[in-house]
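Some notes on the structure that comes next.
The letters A, B, C and D name the chains in turn, as written, and every chain counts its residues from 1.
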Amino acid sequence: MVVLKYLFNVLVFPGLLFSALVGLILSGLDRKIVARMQKRIGPPLIQPIYDFFKLLGKETIVPRAASRRTFLYAPVIGLLALVTVSLFIPIFKYTAVSTVADIIVILYLLTIPAVALIMGGAASGSPYAGVGISREMVAIISYELPLVIVLLTIGKQVGMVLNKGAITFSLSQIVSYQAEYGPMITNWRLIPAALALLLIIPIKVGSVPFDIAEAEIEICEGPLVEYSGAPLAIFKLNHAIKMFIMTSLFVTLFLSGKGTGILIVDIILQILLSAVIVVISISTLKAITARLKVEQVLKFFWTYPTALALLSLILVWIGR
Amino acid sequence: MQHFPILSIVTLFLGAFLTVIFGSKNETVRKFIALIASSISLILVLMLIKPIMIEGNIIQYWLGNWRPIHDWAIGIGLEVDALGLFFGIIAVLTIFLSVVFSFKYTKKDSETDKYYVLFLMLSGAVLGLVFTGDLFNMFVMIEIMTFAAVGLTAFRNYQEGALEAAFKYLVLGSIGSSMVLAGTITIYSQVHTLNMAQISALLFNNLTPAALFAFALLLAGFSLKAFVVPFHPAAPDAYMSAPSSVSMAFSGMVNKAGVYAIIRLVYVLFHAMDFKSIQILLIIIGTITMFIGVTMALAQNDFKRLLAFHSISQIGYVITAVGVSTALGLTAGLYHALNHTLFKGLLFLTAGAIFYATGTTDLNKLGGLAKKMPQTAAIFLIGAFSISGLPPFNGFVSKWLVYQATFEANMAPVTIVALLVSVMTLASFIKVAQSIFFGQMPKEFENVKEVPLSMRIPMWIMAILCVITGILPNVVTKYLVSPAVSAALNMGKYIDLMMGSGYAEKILGKPIEIPNIDFTLAGYWNPVAWLVLFGLLLIAITLVAVAGGFNTVSLPTEVDDPKYDVFFSGEASEHSHVKGNDLFWGLKHDLRHYFGFMHDAHSGIINDYALWAIFTTTIFIVYIFLLVP
Amino acid sequence: MKFPYLKEAIKSVFKKPSTEIYPKVNKEAPEGYRGKINYYPEKCVNCGMCIRVCAPGCITRTIEKTEEGDKITFNFYQGQCTFCSLCADFCPRGAIELTKNYHLAVTDEKDLLVSGTFIKKLPPKPPVQPQQQVQNQQNQGAAKTE
Amino acid sequence: MFKKLIEKSFEKSPWLFHLNTGSCNGCDIEIVSVITPRYDAERMGFKLTGSPRHADIVLVTGPITSQSRDRLIRTLAQVPDPKVVVSIGSCPRSTNVFNGSYSVEGPLDKYVPIDVSIAGCPPKPEAIIDGLAKAIEILREKRRAMK
């Protein structure tokens, strides 16, 4: 019986189907909002679903210089890691799989899709992919620093209260902390950390101002240049699921609380909140700024978000 | 069972001498002797695991049966406790795999009998150092190890830079050994004995200034052997020019021996870990080593030199974890030492395989080898993912323990640096993967073939070990790491055994409390669950793919149809490989001042390095005198 | 760290988008738009000015001898036309006119060809005098002058 | 499993790839203007992609100069099936005023059959949208033919 529940969790509810659908709709919403901000009508909300299925129908070409197995398995590995992460993120008290330490596992499982993209790009053997990979790596290095500081800050803040001083890495403890003391965003010490995380979401998802790795114009979609057909569809799906996971992670870390107790209402609330976060962080930045250069991304992320995160870490540290 | 330790050391030395006598003429005898020697010592050490690790007693052996006479140790004693055996297992495993790898690897070299003599001497010395219970004997083993290593570095003297690297290693190595010798002498003048157990008993909490001076010297000497940052410049040249099977032994055993000596020195000999200042000293050294090691690695253009800098940065991880000195910290350090030997050895073997197949390890000349050498590419990927700490592999578990240990000892900046270094490790291995295995294949590597089976077996063994230690962390910790940690932390048992029971209480005055090793691992994720999950999802995805009726994947036909060429804006794509130097332009441009300074600091002139070594030793001495008492 | 256009972006989310939904609402081309060619064969006098003036040379003429005159067809191949309307300006009779019809997306090439044919009746020639009459006229001419 | 859905999605999300073979950029600006807020091709699912591997509809402009000839052939071969070739403006159709010049290698249909050609120099954005609508129908037929 447990296996059945496990299977359901993996394949349907927080796993593949649910996060894929919500992810695609969220990225559709993002494209629509960006269009509306540029006074355009913009594609229908389910446009990414159309894109996904059209790509499924296209022919998949494997170039001669590519090493075939890595080339074809990279997107699947990325998808696996993303679905595994989606099992971790609690939705207001309900968590599909909750081991004690979630933040570090999430942090690392979220690097697997990025590494899968890199391996896929490397395996395709194209020079554009080579450049795209080194840019993707620079992006990872630049956002890993502030992201880690933010997670440690939250762990420290919750740990001090619940875990008798030692840091906690478990998301369920963070949710129960917010259930008692109100959402984390209301705690003034953590507002800089929230701002930092808001800035990290676009680069983690790879949306326009920071998508130096998949720049359509400079390096023809970077690592994805040789992909067509089903593998490309899975990569676009990864992109959408990552958007959903990062925003719902933000909601869990900063905006969650008791929730209404009924699962369905909680889920809708979580989706609405992550939709708001998508609009705030990803769409506005995408609509008003142009793409940064490679070294500007590194300089930007090692100054502003890191300073914000360090500020809140110090505040939390002092405010023991 | 009493004689296993001494037997395993002696078989290796005996193997060395036999190779000199019989091996010089024909090839197979020499290889046979080396194989027999290494496998005997492997079996002996593995049989030691049950008594020491599981039942937890300590084996002692007095050379020449010179037992201590009324509480005064005269003879040389071998004392193998769980900590010593832990590093012994690492060393013996590396020796055996390196010997098997070197059979085919040194086929092209001439005079390989000298290679096996030096190699067996090196392995015997490392094993001796790890099992000995006597300080001067440890110095002797360090001497043998250094000179065997210098000889092996210059083994391929036709390679440019090999002799120079050997000379640098010789100079720095002898500085280190002389510091260790000076330290041993000062201690001897203080306590008139050389047996480590008795020294630790006598020095328990009457640290006279002379003992402090000796402590500083020994610490500097051993950290030079472990190639910690201020002393590290000799390592990259040595690793680069030595044959890969030897540089695998270097990074697997030699710097681990240095780390073992530091742990023994700091935890047992001087029991100095109670002083906060020593912890901070070790953590500072470790963090600097981590950061400088990885940033230098990012800027390298040669695969083996890049791996050498990574060994230095991973040793930095181990030293930081050891410096945290909580039970969790030591577990993290030891576990990472084991993992480092596995994945670093694996990566050096892949470097050897590439050198064997293509003749060069220069990142700017290679490319697209994954198609010609698929197994080596797969093995390399396992090694690269384990060193950068991705979940299913072993790097993840031990790095996680390091982050948790450092953060719980509220050293937040250290954890942040550690995580950043781990990401940069991933970056440099992506650079290597892209420049060597993927991308366009230069014309001259058309007829590159996969390496012979006898070289691939050790690589596969190590890859499988990498995955096992990644999947079953609690098994590895329960049987291997925790006994070693408890052995390091309670020295009472260590002393009593050597000097007869009750000796410790009489001297120390109070029984040493044995700290409990029941740290609550903040959420030890059970990786087996993930693998079930990954497998389940993989089946689900393939099911959807098959049922979804995706159209056939069109594979490249032999005919020269541009459809399967790589899209390079329509250009023909021969010389379009993005490799080595062109990657990470953004990072290098941003940190160009830092890289510039690093470039000048590693000037390559031996007197600079010697100056660095002496300068850091003085800092150690001043630091310890100011802060410890 | 200033964010340009932030206010404008947020305001425009609530305003009506300025897209013209073209396929539903047909859009009239502006005045004087040079689109598809309309050729009036009856006005044409086959002077050939348009052919000489057309830069890409996409106007071709075929003349066919028939009993009541030459059957001339003019082919305007708009696939090669640059829509500069020089032919319309130089046509003495105004037989060529570029309309405002910009719907020139075609799947096969024929639709881009605009052609028109007309029969050009030559003006009644004076009756042809046999060869000697021409001689006599010249002699009388010469006699008169002496 | 999703045959019907895949069929429908071919109409709903055709991706464009712009291939300039030496054009005077008149048609290129018109193509880009089709994606601006005024005409907004994205509301019908059109998206400009960076690589031919992602493309369904290839928009070719310019009279195929000798330099860009074999690059054109190589790039067009790299577009996965089902693909539609659309020529924008008169140049690809018939090398326009550059006809007969020493460095122009002739109209596009010497190398690849043109599915939809949009005349005009440059064609009006509405005309391009018409052409793209026709291209979608051809794409759907090719997809059905391919199955």
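The working rule: a residue touches a chain if its C-beta (ideal position, glycine included) is under 8 Å from a C-beta of that chain, and two chains touch if they have at least 3 such contacts.
Just so it is clear, the structure is predicted and the values come from calculations on it, not from any experiment.
I want to compare two interfaces, A-B and A-D. Which one has more contacting C-beta pairs?
Here the pair linked by more C-beta pairs in contact is A-B.
Determine the centre-to-centre distance between chain A and chain D, using the mean Cα coordinates as centres, and give it in whole Å.
Centre-to-centre distance between chain A and chain D: 35 Å.
Between chain C and chain D, what is the separation of their C-alpha centroids in Å?
28
What is the distance, in whole Å, between the centres of chain B and chain C, each centre taken as the mean of its C-alpha atoms?
Distance between chain centres, rounded to whole Å: 85 Å.
Can you tell me which residues of chain B touch two or more of the remaining chains?
548, 551, 563, 565, 567, 569
If I count partner chains per residue in chain A, which residues reach a count of at least 2?
35, 38-42, 56-61, 128, 220, 225-226, 229
On chain C, where are the residues touching two or more other chains?
17-19, 21
What are all the chain pairs that meet the touch criterion?
A-B, A-C, A-D, B-D, C-D
Report the residues of chain A in contact with chain D in the complex, numbered from low to high.
Its residues touching chain D are 31, 35, 38-44, 47, 49-54, 56-61, 128, 215-217, 219-221, 224-229, 232.
Which of the residues in chain D end up touching chain B in this complex?
Those in contact with chain B are residues 1-3, 51-53, 68, 70-75, 77-78, 146.
Which part of chain D faces chain A closely enough to touch in the complex?
These residues of chain D touch chain A: 2, 5-10, 12-15, 37, 40, 42-45, 47-51, 53-54, 56, 78, 80-82, 143, 146.
Mind pulling up the chain D residues that touch chain C in the complex?
Result: residues 37-40, 43, 90, 93-97, 99, 115-121, 123-124, 126-131, 133-134, 138 of chain D touch chain C.
Can you list the residues on chain B that touch chain A in the complex?
368, 370-371, 374, 377, 381, 385, 388-391, 396, 400, 403-404, 407-408, 412, 415-416, 419-420, 423-424, 426-427, 430-431, 433-434, 437-441, 522-526, 529-530, 533-534, 536-538, 540-541, 545, 548, 550-551, 553-556, 563-569, 573, 576-579, 582-587, 589-590
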